[in-house]
Each structure stands twice: as C-alpha cells, then as structure tokens.
Amino acid sequence: MIELKDVSKTFTLHNQGSAVIEVISNVSFAVAPGECVALTGASGAGKSTLMRMIYGNYLTQAGEIRIGGLDVVRSEPRDIIKLRRDVLGYVSQFLRVVPRVPTLDVVAEPLRALGVPTDEARDRASALLTQLNIPERLWSLSPTTFSGGEQQRVNIARGFAHSYPAMLLDEPTASLDAANREVVLSLIEDAKARGAAIIGIFHDEAARTRVCDREIDVGRFTPGMAA
Amino acid sequence: MTEYNFAYLDEQTKRMIRRAILKGLAIPGYQVPFASREMPMPYGWGTGGVQVSAAVLTPKDMFKVIDQGADDTTNAVSIRTFFQRTAGVATTTATSDATVIQTRHRIPEEPLHEGQILVYQVPIPEPLRFLEPRESETRKMHSLEEYGLMHVKLYEDISRHGHIATSYAYPVKVEGRYVMDPSPIPKFDNPKLGDMAAIQLFGAGREQRIYALPPYTQVVSLDFEDHPFEASKADHPCGMCGATDSYLDELIIDDAGGRMFVCSDTDYCEARQTAGHKGKDAA
Amino acid sequence: MTPLLSVQGITKRYGAHIGCADVSFDLYPGEVMGIVGESGSGKSTLLNCMAGHLTPDAGQVVFDTRTNGPRDTITMSEPERRMLGRTDWAFVHQHARDGLRMGVSAGGNVGERLMAVGERNYGDIRDKATDWLGRVEIDASRVDDRPTTFSGGMQQRLQIARNLVTGPRLVFMDEPTGGLDVSVQARLLDLLRGLVRDMGLSAIIVTHDLAVVRLLADRLMVMKSGRVVEAGLTDQVLDDPQHAYSQLLVSSVLQV
C-alpha cells in the first residue's frame, strides 16, 4: 500500500549562506495493508520529516514514494489533494483549523469533503468525540480554545473520521491519559483490522509494542547521524 | 425680421442638428451627441427642445408649445414668442392644427396624426445615470445591451414602496433594443409613446444629446412579471370638463386645504368645455 | 480532464516596468489557488489580466465555457467577456465599496446579477436575494438596508453573496480579508471555505496573508518582481519552501 524506494531529502537554506543539509538518504521500505510500522530513532533523526515527505508536505529530492499506486514525489498538487481526501490520512501533533468553526464540524470535515451528507458526517463525528471523551458541551465550540490534550483528541477524531486505506500517525498517544490512550490504541487496531496500512511515530514504547508489527530505525538513513 | 436668421440658428448649425436628428431616427432610442449651442435662455428652460424645433421648423409650420400640458405658462409663452419673433411662424394652441409641438413633460391628450412633430425638452437623457454615474460605462452598457441595472432601479422602488413608485421619466425599451428616458413625462403618457403616428424628437441642450422615435415605433415600459407597468393618474374626473381619461393636475384652491383636479392639457380641457362638457367645479 | 482555466504566458508591462511576466498554470474544477507575494510583486496585475480588467501584452487566458468549450477570453469579443463576468465568473474586490452599489439596498445588490441575466420576477429575485443573505449570515431583515449601514465584514459578505448568486464556476478574489478585523476575517474564511466546498467553486485568491492561503488554497504560487518563483501544494510551499524568496517570505511571518 505504501512503498518507498531510494528516497532522499535535502534542505537548502538560501537565506543562511545557501547551506545544504542532507536529512534523509536512500530510504526504502514498504507497508502492506493491515500492517502498522513504527518509525524509530533519536530526536532529530528525521522521523517527522520522513512522515511529512510521505504526506507530500515536504518535497522529496530523489526516489519514489508510492501510495496506492500514486507516486507522491512526482504528482500534481491536485492528485495529492485527491490522495489525501480519499486514501491517505494524517494525524499530526498540531491541530490547524479555521478559528470559530465548531469542534463537531472540524471532525466531520474530512467526510464532508468526500461528499457525505452533513447529518451523516456529524453523526460519525459525534460518535468519535464521545468515544474520545470530549464532553458534548464542547462540541459547539472551536477547538482552538481547548487544552493540549483535548486538541490532540479532536485531531485524532478528525483523522479517524474517514476510513482511510493508508494512515500516518505522529505521536497519536502523546499527552493522553490512560483511558484515552486506550481508546486511541483500539482505534488503531480497528483500522489495521479493516486493512489500513499505517506508519506511526510512538515515543510510548508500550503502545508501539502493542500496535506495531515492525520498527524501522530512521537513524540508519540519516547521513549526519550515521557518520 | 432681418436681425435674425430664420429660427435664430445659423444654417450650418441647423444642418448639424438635422444630421443628429436623422441619425436618431435611424437608430430609435439611441442618444446621438450633438454640438449644443448657447441659446438666449438658461439651461433648464428648454434649450435642447428649442434647438431641435429651430432645426425642423419651416416658414409654413404651425407651432405650438406646451409646458406640463399648458399653453399659457411662462415657459410656453416665452418659447412660442421666441419663434414668432425669430422665425415668423404661425402659432396655435390647438393640438390638431399644429405641425410642430414643443413640449415640456407632457404628451397631448388628443392623439397626434401623421405629419406632426413632437419635440420634447429633456433635462437628463441618460436613464442609467442615477445608478451608474460614469458616462463611459453607461455608453458601454447601451452598446452591449446590459440593462440589468435599469431593473435594479425598479426593484429598489418596489422594495421601498411596495410598488413601482417611479411616476415620471419612467424608462422604456425601444424596438427591443435601447433603453430610453422618455423625459419627465408622467408614466400615464408612456403608452402614447409607442405606435405614435407623429415623429417624436428629444433634445437635451445641457447634455448635448438628441434622440428620436420615428412614427409607429414599438415602445415598452420596463416592469416585472409580478409588478406590471401601470399608467396611473389621479382617480378623479376633471373638475372643469368632467373628462375621466385625461391626466390631471391637483390644484389647492383655498387656505382650508380645498383642492380640485383639472386636466393638465389646457387645450384638451378647453375644447371639451367648448363642446359643452362640464365638470363639478366648473363655474 | 479539461482545466477550467488555462493561463499561458501572461505578460503585462507598464512601459519599461514589468507588471507580470510569462505566467502559466492550469486550474482544474474545484481547485482553489492562492497567489502570494509582497506589494508590487505583480499578483494583482496578474489577477486583473485573468479577470479581463486589464489587457495583457502577451499570453492566453483559456476558460472552459459551458457552451463552446475552451475559449481564449482575451481575444473573445467584449460582450462575451462581460457576459462571462456576469455569469460564470465572479470578482470579489478587497474593498467592498468597489464591488457593491452603495446607493442600492442589499437585496438590489444581490439581485442585480439575476436581473442582468434576464430574471424579471420581483418575488423570485427577492426570495433568492434573501436566501443568499442567509447563506452569508446576514439577517433577512436587512434586505432593504443599504450597504452603507453595514459593518466592513457584512459589506464583504454581501459582496460575496452578490457575486455568487448566479452560481459562477470561477471566483477571482483580491485580498478578500484585507482590512478586516482578525475575528471578522476568521468568520469570512470559514464562510468562503464552506461555499467553495458546497458549490464546487474554483477560485484564485490573491493575498499577502499566508494564513489565509493556508486555510483556503489547495495550491500556491509565489510571485516576486512579476514572475512566479515557486508553485506547488499550499502546505508544501509554506512548510518546505524551495526558492530563496519563498523561504524569506515564510520566515518573515510573525508567529502568534
């Protein structure tokens, strides 16, 4: 489902003496449907960078990143947008939303974008918010005013609203209490069970052990670290 | 009579105005620019109409002038006298006898016949002016037939008053093409504009525009399907002649708010009275 | 798929000065593209060339018309182009007073495009206008009020209603949130996002506000000195800018 071949990434800092920083080189691996792979490595090893490259958020200088047949590295923006809408979900560590939009609509939005009727999308959003223990009185408020943990859960609800065949999870269990952590892990297990290919970053070792089938040490591909 | 060229204007100027008139007749409703001259009367006193009359008058014409329907108001009298002195033409107050009728803000009640010319005095020829002040833009709108704005004006009327409150200078569409300002005639007169046997010429002196309707031209008042055009008038008979089909002026006759309604067309009213018709206020 | 708008080699000079030079891109149905750059970068010149307000010195702006397929709007006749401007195209000005008739009621402002395309039933026009006021969150009781009595944010929403009432397929927006309070901007952005999604609109948004494009635009073009220096997926250009100028632009934004 997700396949990386000889993927490399450099940053060129034009405004800092045109310094070229090589961050990832020659990564190759694949994730099959129903499989969950953890990216590991020390801080700064490039886990999040690699995740963002797979999502198309960072530009990849060399190699191929295929998701369900589409090469993200060489695709037009509109194909990547379609991929993100239909196929590839991403739960980042940060919630980025239009201020003042109610939480319920923030969570329902991925479904609305797919053309799901408003009521149906809101029902699914309500179910997820309930499952993640966001009190109903908060649903009509914008999540921008929420605590970090609440924002994280809204972000997860939004990420799981649609049953994406491929998912990227960046620290989904960070800053969650035990009960909510359990909910998130079961959501991941459910996604795997329905055949989603998942790549995740988990600092939470117990969580990683529980849901991940394999680990890939990104440090191996980081030129600065390997030296 | 030797002090003036016939009908005051020099022949070159009349030629120029006649060309504008002919062009206007060829393109009904289209505003033709012309080099308006200074006339020996202020703007707003019919300088446009006077120039058009001067250009069409011939020594054999019978000239009539009405101001809001009346032959005897200052404006009508002064223009009639002007052409008596500068052209030596015969004048009349009888609508049917006149060959050229200059009018300010009315169409005579008596239907005009072929061979007659009705000359309107026009203060503002551009019907789109009040919503779109840029002349460059209104000319483009005319040339491209973009007349949605005209209905915006009527829409505003209905939204504010519940009906189309525009009661004079009511915009019309000519032969399905140009939207035209019929000069500030009451909308009661609008139906007479269309299919008229006489030639209708419109002159705007200050604005330097001439436009025209040849005989038997199709003229339609703009409206909405659910708010159709209505040619309205005061719902009374004339106090003097008893006419129920003519446009009426409301006169305040005493300090106690007493009022009476009389025909605005003085010639029409007098002719009826002469024929024996009598209204309730007639002496 | 046929692009809705295909811009090819648009160049506009002001004497020796370059307004914009050799700009090309395709916009597909449903796409929202942002154009960012500092003042004088040529983004407004480009927008005005595309929308038919300025005639470019070179290039084509090919629009996929409903009836005749792709047509170069620069060489088409003026009546045709103006007809597009009243039907399939919409233009939202930065200053609402440039896009509204300030002496005409809110309902008349919204209804104008309907009347321009031949609607002649007052009741229908008024119902549609009222419906659109609701969609842009203006109370129906304000339908007969003039925009001069509206706040800046309301005027901008009214301008949007006026533009969208005929169901256009392409909307040009010039700094649509410029000059508005931050809280009013947010409300407007949310509204625009909803309308774009629900109506399947394509839009080109010129702004210098990177937060606006992040929330509204799928794609981004960065302009400098009249030229496009970088283009791509909005979040990619903002989070991993490649060109020196884009990097400077992104790093210059104050964080809050």
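When the chains are written out, they are named A, B and C in that same order, and each has its own residue count from 1.
Note that a contact is a pair of C-beta atoms (placed from the backbone, for glycine too) under 8 Å apart; a residue touches a chain by one contact, two chains touch by 3 or more.
The chain list, named the UniProt way, goes like this: B = Alpha-D-ribose 1-methylphosphonate 5-phosphate C-P lyase; C = Putative phosphonate transport system ATP-binding protein.
These numbers come from a predicted model, not from an experiment.
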The chain whose C-alpha centroid lies farthest from that of chain C is chain B
Chain with Cα centroid nearest the overall Cα mean is chain C
Separation of the C-alpha centres, chain A versus chain B, in whole Å, is 76
Between chain A and chain C, the Cα-mean centres are separated in Å by 32
Note: chain C sits from chain B at a C-alpha centroid distance in Å of 46
Note: in the complex, chain A contacts chain C through residues 11-15, 52, 56-59, 77-78, 80-81, 96, 98-101, 112-113
Residue set of chain B touching chain C in the complex reads 131, 144, 146, 148-149, 151-152, 155-156, 158-160, 223-227
Chain B partner, complex, touching residues on chain C are 78-79, 82, 86, 101, 103-105, 107-108, 111-117, 120-123, 125-126, 143-144
Chain C residues touching chain A in their complex are 28, 31, 183, 186-187, 189-190, 193, 197, 214-215, 218-219, 232-233, 235-236, 239-240, 242-244, 247-248, 251
